[in-house]
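Down below is the structure, laid out as structure tokens.
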Amino acid sequence: MRPSGRQPTDMRAVKIERNVAMKAEGSCLVSFGNTKVLVTASVETSVPGWLRGKGQGWVTAEYGMLPRATGSRTRREATAGKQSGRTQEIQRLIGRSLRAVVDLQALGEVQVTLDCDVLEADGGTRTASITGAYVALADAIAWMEVRKLTKGVVLKDSVAAVSCGIYRGTPLLDLDYLEDVEAETDANFVITGSGKFVEIQGTAEGAPFDRSELEALMTLAEKGIGELSVLQKQALSA
Amino acid sequence: MRPSGRQPTDMRAVKIERNVAMKAEGSCLVSFGNTKVLVTASVETSVPGWLRGKGQGWVTAEYGMLPRATGSRTRREATAGKQSGRTQEIQRLIGRSLRAVVDLQALGEVQVTLDCDVLEADGGTRTASITGAYVALADAIAWMEVRKLTKGVVLKDSVAAVSCGIYRGTPLLDLDYLEDVEAETDANFVITGSGKFVEIQGTAEGAPFDRSELEALMTLAEKGIGELSVLQKQALSA
Amino acid sequence: MRPSGRQPTDMRAVKIERNVAMKAEGSCLVSFGNTKVLVTASVETSVPGWLRGKGQGWVTAEYGMLPRATGSRTRREATAGKQSGRTQEIQRLIGRSLRAVVDLQALGEVQVTLDCDVLEADGGTRTASITGAYVALADAIAWMEVRKLTKGVVLKDSVAAVSCGIYRGTPLLDLDYLEDVEAETDANFVITGSGKFVEIQGTAEGAPFDRSELEALMTLAEKGIGELSVLQKQALSA
Amino acid sequence: MRPSGRQPTDMRAVKIERNVAMKAEGSCLVSFGNTKVLVTASVETSVPGWLRGKGQGWVTAEYGMLPRATGSRTRREATAGKQSGRTQEIQRLIGRSLRAVVDLQALGEVQVTLDCDVLEADGGTRTASITGAYVALADAIAWMEVRKLTKGVVLKDSVAAVSCGIYRGTPLLDLDYLEDVEAETDANFVITGSGKFVEIQGTAEGAPFDRSELEALMTLAEKGIGELSVLQKQALSA
Amino acid sequence: MRPSGRQPTDMRAVKIERNVAMKAEGSCLVSFGNTKVLVTASVETSVPGWLRGKGQGWVTAEYGMLPRATGSRTRREATAGKQSGRTQEIQRLIGRSLRAVVDLQALGEVQVTLDCDVLEADGGTRTASITGAYVALADAIAWMEVRKLTKGVVLKDSVAAVSCGIYRGTPLLDLDYLEDVEAETDANFVITGSGKFVEIQGTAEGAPFDRSELEALMTLAEKGIGELSVLQKQALSA
Amino acid sequence: MRPSGRQPTDMRAVKIERNVAMKAEGSCLVSFGNTKVLVTASVETSVPGWLRGKGQGWVTAEYGMLPRATGSRTRREATAGKQSGRTQEIQRLIGRSLRAVVDLQALGEVQVTLDCDVLEADGGTRTASITGAYVALADAIAWMEVRKLTKGVVLKDSVAAVSCGIYRGTPLLDLDYLEDVEAETDANFVITGSGKFVEIQGTAEGAPFDRSELEALMTLAEKGIGELSVLQKQALSA
């Protein structure tokens, strides 16, 4: 019944391949089915101006899509001369999501930038980005710990994200592009490894939804995040 | 216990003054306490390129803040040469929220732009904008109906928005600036007059939240939207 | 004979309402007939780079129009990505006009920014802006004086502005939009309370004008500024 | 008594050399003393969008300064990514001044662009630009007439410009840079060959000025324009 | 003697993996040692304005680097708001190089865009880009041929590129980053499969070079291109 | 046989007129036939950020074309809001070429900017720019030496540039516009007074070229540079 043939409660095949970028302090190639995102974590010693001298760090994110990650070619933002509203919205979300599990004091006066570049887009690029960014961040923190650059335990929890939606009346987990385009309601959930909510963004694309539908999506999301957390742990212990 | 002295379930005083802009097809000045937003609805006969010739209309929004709407002067975006990510995020939200209650076919090949300009900012500028934008839009649609420009019933429902948050452990309705800055969790709800959800955006600013907290915020939001819907109806029938 | 029914030497009804922006050090809503401008004066402790450390202040202005201040919607400059030539010309004029009555040494190393945002445009937005900006500035200076932040008498005089024009062969005071569009000659005058000229900008929109016509416009302007100066004084003593 | 040793009523040496740009339909190198401006007039068959199909033409101007036209190097506007407010103000003035003597109907559906590029700046670059632009425009119109491209007499009059100012209490004609920097009042006059005013822009740089001072400047300007008009005629008949 | 341990006439290990981007008409991941570039070829039916209606196509290229392709993070061009001069130079070179082997008439009124995005940078990103772009282009042309969209033989030859340089007095083939940084002279060669030159760009980074040195670099380049042409053929026949 | 009537090995008439810009530390007007470039050298005491405090200087260049330097008017880059890729490519080339003959240590912590503004374009604007820039730079260095601002011999050699091309099968020296447009191959050579190569950029515009053709162009270039070096010396000793 799903275009992909999956059951409503099935995630796509998720893979997280670490250390794919030789020069970054942390990196991974994360795929949710045919969606593929290359994430790097860069540790830099300069923090934003408003944080300078406060002995505290910052975690931020930037997001981009290669022009032909999509079915028809999308204009390159560097050529257009600016990032789209959508891009900015996504990269702000990724940054907030990661900061929710980071102790910025323990990080020290350092900035970690998570660059999430979509190589192939098939729905869920922001949720794959967040899920992979946690892994790249964890590697960058480990890199810092080896060099005794941190001031305590930096990561308070893990974090992952998944999208759910109401598609032809049925709540589905982890929408791909075909499902996403047609879904009446689309919601993104960012949830910690311990099951707490960091962010929830639900949007009625077609008809407005009611509270019970939102509850159903939450339950699906909790299931999906459970699986993603296990995969993150496996990747990081590999 | 709230800085404002309100009860946790109290909205601020909300006022909606219609027809404040002589030249616009619809307009209102909406205040949520000390937050004041001037909203105009402009009916234009040209639609975005990708809609041309499809016999269907579009509703979009733009958002701005006067430089001294805030405690210290904010740089004017026209001088900076671009809209911030926050501005784009908000105006995209306003547009989506209004489109959720509009029958774009019935609107005909026409674009309605909702300009939401914040004269004074004290928290909740996006929720006040959405709440006022519905009233300005309703007036613009009425203006079109008088001129027989619509092709059926355009407005399927009313829509309003409110923010809620967990502040020092207590769920509060309609955060003002002081509460917003300190809230552990902040959520914006866009809900129709008939009680359906159009958009929900919840963010853990401090500690992640759990499902029961989100439930509490939803209940508060439903109460607030109920009151806002009544005020919108009163304003439109005045 | 004027579209507005006014006599050639009549100003429109002018109103100046102070303290309309809670957070600004000075503010007013000034109307010249249907033209309405919200002016705020913001006191900031940083001055432009080339003035730093010179013990002297600066007064500058920014000008904007809400998109639907005009009969048909005007594109928002923040969206367009830059201020138009007209906007820059006007805000440079406002800044120069105010600086002409300010003792920048007495101001101390402080910058006052006058933000003039047009809520409704019906001709004369720049002259209303200057006239209102003086009132907002005076309030901001008073705010500084209370806090002993000035180094002597800052305001050397008051200043106001009015437009005049030759319309169907007759010199008119204070053009509204309909008159402005058709005027053969259009001139803006910035004049101090003591009757001295700060700026005069006369432009032949149709046929060039001769010296006697310019003389007639000057005489009208002096009459108009006399009235505006009284209104400014009344507003400030209210 | 003038830094330049000139009498108060003396213009600088003015030269107008025609046909300095091989490819332009009209061009000249105009110098007012050490100020040198290269002006070209380009005839193009496309008019601005809002004029298309109206059988009428347009005259417009662009202004630029080579980076080292000035005492210390000025940043190139192409590198800065935008034209300054001053540049826009000047090019708008040049365009308006020229249009005042052009019959746009007779021009036909054609745009003439006057490019005024300052090779050396020593005060009066905008007045030299206007004075030279008239000559380049006259040549471009002559070029069109030879090809029977006009629809009647295009030029209704000639036009030239000069600056005057109050310097150490004395009214002076044609300020150079050293005088301009120190002048209490600075005024630019655009006047036709037949002695009518097209534009007057007077600014108090120091103390405000009174009406009699403005009168004195006007008298000087009329003298200067008289001389410039003769030089324009001589150049065009050479 | 080379930092990499290679002989002066050795290329790095070169790999070309085709069909790495599901949605593109042609694509490959090309690596020259540790330099990795993802190339996609996109076929679009719209050509640049100046080619419209001429029955002829266009081939163009865009180049980008992921922020952490480099040792320290490079600012994202989409964030900076423009492409650097270096980026533009490179993408113009790639486009010109490919067009040299394409019959634009035979291509028909179609544009093929080669997007070259550097995943890892270790010297030679532009030469790897050109070498890979030929393979992606060949696949896109094959895709068109299957659909009978071409009007004859589009590819007149193959094309590849390599850099050479004088390093500590010795001519070297295929510089990596460490060699490139220190090289006295650096030259990029674009050469067809049949051994003709399409582009040569030699630059003295340190001391100027003489003709015999350039000859030595040309000979090395011809050797390298010979090997690259074989690899391209193998990749395309795989 | 050449459109210009020149022999294949003939340069156009080249003129270098020094000290054409009163305010610059060095300047010249260089013409290669009908191509005319105004070059100024500006000495400034601030160097780029990454060089600060290293006791070493920098030489850089900017390039521009007046809008009507070309047969039809070219859009002004300051209006377009950015420099084209071509402009950036050229100014980077000019800067590199000059730096090749400068001892940046001997220059001291000073930046010299070469502004090359094309007044008339008839092919070879970049080669004329480099040739003239050397002369302007030499004058600026002499200006510094008189003031004892240098720390040793700054200029290690002279440098000049010329373009050559294959036109209808024949190698030609110093292409003008008509030849350049039609040339099968176009190459720019930057060569020192002592005959060493600084830069070579050869491009097949039509059919790819072979090594013997490139050899022929090099020989022509060496002849042309020989002549240009003599002219530079003559100009500097005049």
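Labels for the chains are A, B, C, D, E and F, by order of writing; each one numbers its residues from 1.
Note that a contact is a pair of C-beta atoms (placed from the backbone, for glycine too) under 8 Å apart; a residue touches a chain by one contact, two chains touch by 3 or more.
The model shown is predicted, which means the values in this text are computed figures rather than measured ones.
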Farthest chain from subunit E by C-alpha centroid distance is chain C
Comparing which residue numbers subunit A and subunit B contribute to their contact, where sharing over half means same and under half means different, the two sides are same
Subunit A to subunit F, mean C-alpha position gap in Å, rounds to 51
Per the C-alpha means, the centres of subunit C and subunit E lie apart by a whole-Å value of 59
Per the C-alpha centroid definition, the whole-Å distance linking subunit C and subunit D comes out as 28
Where subunit C touches two or more other chains simultaneously, the residues are 81-82
Chains encountered circling from subunit A by way of subunit E, in order, are A, E, F, D, C, B
Per the touch rule above, subunit A residues touching subunit E in the complex are 21-24, 27, 34, 38, 40, 42, 44, 62, 64, 66-73, 76-83, 87, 113, 115, 117, 119-120
Note: in the complex, subunit D contacts subunit C through residues 82, 85-86, 88-89, 91-92, 96, 100, 157, 187, 191-192, 195-204, 207-211, 214, 218
